[in-house]
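One chain, subunit A, appears in both complexes that follow, with subunit B as partner in the first and subunit C in the second.
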Partner chain A sequence: MSEEPLLLFPNVHKVMRADRICKALGIATRVIPVPEEVSSECGMCLVVADSNLNACREALSKENITFELHKRGKQ
Partner chain B sequence: MPQFTNTYFDNASTGWPKPPEVAGALSDFIRNTAGTYGRAAYPRVYKTSSMIEECRDELAKVMGVGEAGNIAFTQNATHGINTVLFGLDLHDCEVLISPLEHNAVMRPLERLKETCNVHWKVIPAEEDGTIIPEQIPGIISDRTRLVIVNHESNVNGVIQPIEKIREYIGNIPFLVDTTQSLGSVSFEGDRWDVDFIAFTGHKGLLGPTGTGGFYVRYPELLSPLILGGTGSRSESVEMPLFAPDKFEAGTHNAVGIAGLLAALKNRPKPEWDSYDINALVQGVQQISGVRVLTAEHSVNRGNVFSLVHENLTPSTIANRLYERFEIEIRSGLHCAPMAHRFLDTFPKGSARFAPSFYHTKGDLQNLGEALKIILNDRNYV
Partner chain C sequence: MKTIDTKGRLCPEPLIMARNGLREVNEGEKMQVISDNDTSYQNLMSFLEDLGANPVADKKDGIYTIEVTKPAESASVAESNPEAYCAVPQPAGGNTDYVVVVRSCRMGEGEDDLGSLLIRGYFNALKEMDQLPTHIIMYNGGVKLAVKDTDTAAALAELEDKDVSVLVCGTCVDYYSMKEQIGVGRISNMYQIATTLAEAGKVVYL
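Here is the complex of A and B:
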């Protein structure tokens, strides 16, 4: 089964900011509930296509937004 | 008989009218959006979370701060001020305050005096309450841990020289209460090196009541006032250490924030400016028996002013204005007994006037005319 990158942020503020930055650059994102195996957060995280991960990482780094990178099975 | 487009002159209590888009946003949120902040990932929650973050970003622009994530929503500015005062470790310390502070500051300080041996000193000021920054170093001691300044007085509208005050307090943490000023007076939190900014959403920003909060430059140095669920770090029974979550326990006033965002995005273009306020103040100053409480110099005069009369009490003036012209103003102490003591208008207080950006120039001129009529009418009962 192929996997896709899952980006976990410390809080909703950062999720929303990251989502806005990615979308402004044309990087497609999906917001999903945080999977239990990743964290016990009850909030949201971002999923991006593997091919967009580097662009995403670069864009967020420029804005000093850090995240934990996880992988999830494509659904 | 003066004709008004709007007789509400109590905008220092709460701003009205609001931009029409505010009511639309409130209604739309209740009818269609709902959703909590960040507690799930379905579209309704996403939309609400995104809206709240957009509001945070807009507030950061108004406050002149770069880090919107350090702005926390609370129920009002008082709640924000309490968070700062009780969230810092001020045991056995000294706090410097302006002479025009509101009870939102004074009552928490009084409690801290009783419980934590916190003492406060009033910064030297001119007769109108304008701080004299050059005299601040003379009252700083090795126990001084915080400086608190009300940016614009809710009694006489004096606007304090924040940038200059920072110059003279050195590195002492600085809390500025922008309750009365934000939205009508420009603010540059980062450039002026302000550590804490308390704000309300319902006055100059023209949002709904129940919105407000504070900005904190170093969230790690401040403890939260209210503890509870945040939707983050839910595995722990301790509060998250990062802002804004650390200060936002419990469900947000999302409907109120939706209204505040609509207000921020639809600011009215005022028909009048400081010239018109100055003309109004100068006209009222000419009325016999009247003392106007306002900044001595027009450069630091806000849109709020008060008056006292040698024979008429503030409540009599308020009542006459309403009965004769349906003009709505607030009389009394305005929750600022300390300011009134300083201005020598305690305990009766003053009659206060605060126009809206929706008033016309004619409304301001007519307010002056109405005051002349009711204050000069010796036969009015």
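Here is the complex of A and C:
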């Protein structure tokens, strides 16, 4: 089964900023709740296509936005 | 023939009146019960059938006439419980049917950005759930979630693939001049929306 990258951010403000940055670059994102196996807290994370991960990482790094990368089976 | 007129009465009153009427007639004797309410009629039929009163119904000009025969086993009439037949009918599947109504492109009140993020998370979570709604109705700002190339439209398309009916308010799409941008769902009208809401087992408003 293929996997998709989940980008986890330290807080919801960073999720929103990262989402805006990706959108500005034409990178499609999906907002999903952080999976329960990762955290029991109510939080949101971004899903991007594997092919966009590097572009996303680069763009967010320029803006000093760090994220934790998780992988999960494609839904 | 004894006639029990239950017109204008709501459940369980017609059933109680029918039961009391049956108490007053002799075994094997016929009696008529009149009703002008669809739900009361259905409840009366179930109740009278279970009593063994062999109900036979006729409908004319919106008025039901049910002819019954007092059963030989009159104890069943005395012990019957009309109230039990007046429960709100539960949809098949143990009341799991529900309709989601999307009133806005955001979830909850407060910061707009947060509300937008939450509703995107909601639809992307919903499509992975076992218990899916039968319908999703989107109106007013909610129609913006059906715009092409958004993650909410993608989630809604997956929900449609799983037999969830997505209704998008046509008036709202027209108001926002978004017809060309709508990428998912069926453009619908207020009659369909009102009917779907009226028939819903449970409505979840976002």
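Heads up, the rule we're going with is that the second predicted complex is superposed on the first by the 75 of 75 C-alpha atoms of A that agree within 3 Å, B and C clash if a C-alpha of one lies under 4 Å from a C-alpha of the other, contacts with A are read in each partner's own complex, and residues count from 1 in each chain.
Heads up, the rule we're going with is that contacts are C-beta pairs under 8 Å (C-beta built on N, C-alpha and C of every residue); 3 or more make two chains touch, one makes a residue touch a chain.
All values reported here derive from a predicted model rather than from experimental measurement.
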{"item": "Which superposed partner A:A28 touches (first subunit B, second subunit C, both, neither)", "value": "second"}
{"item": "Contacts of A:P10 with subunit B and subunit C, given as first, second, both or neither", "value": "first"}
{"item": "Which superposed partner A:M44 touches (first subunit B, second subunit C, both, neither)", "value": "both"}
{"item": "Of subunit C and subunit B, partner touching more subunit A residues", "value": "B"}
{"item": "Common ground on subunit A, meaning residues reached by subunit C in one complex and by subunit B in the other", "value": "12, 15-16, 19, 31-33, 44"}
{"item": "Interface residues, subunit A side, partner subunit B - complex", "value": "10-17, 19-20, 31-34, 39-45"}
{"item": "Partner subunit A, residues of subunit B touching it in the complex", "value": "37-41, 45-46, 49-50, 53, 56, 68-69, 230-235, 240, 242, 244-245"}
{"item": "Sites on subunit C touched by subunit A in the complex", "value": "113-114, 117-118, 120-121, 124-125, 127-128, 149, 151, 154-155"}
{"item": "For the subunit A and subunit C complex, residues of the former touching the latter", "value": "12, 15-16, 19, 28-33, 44, 47, 75"}
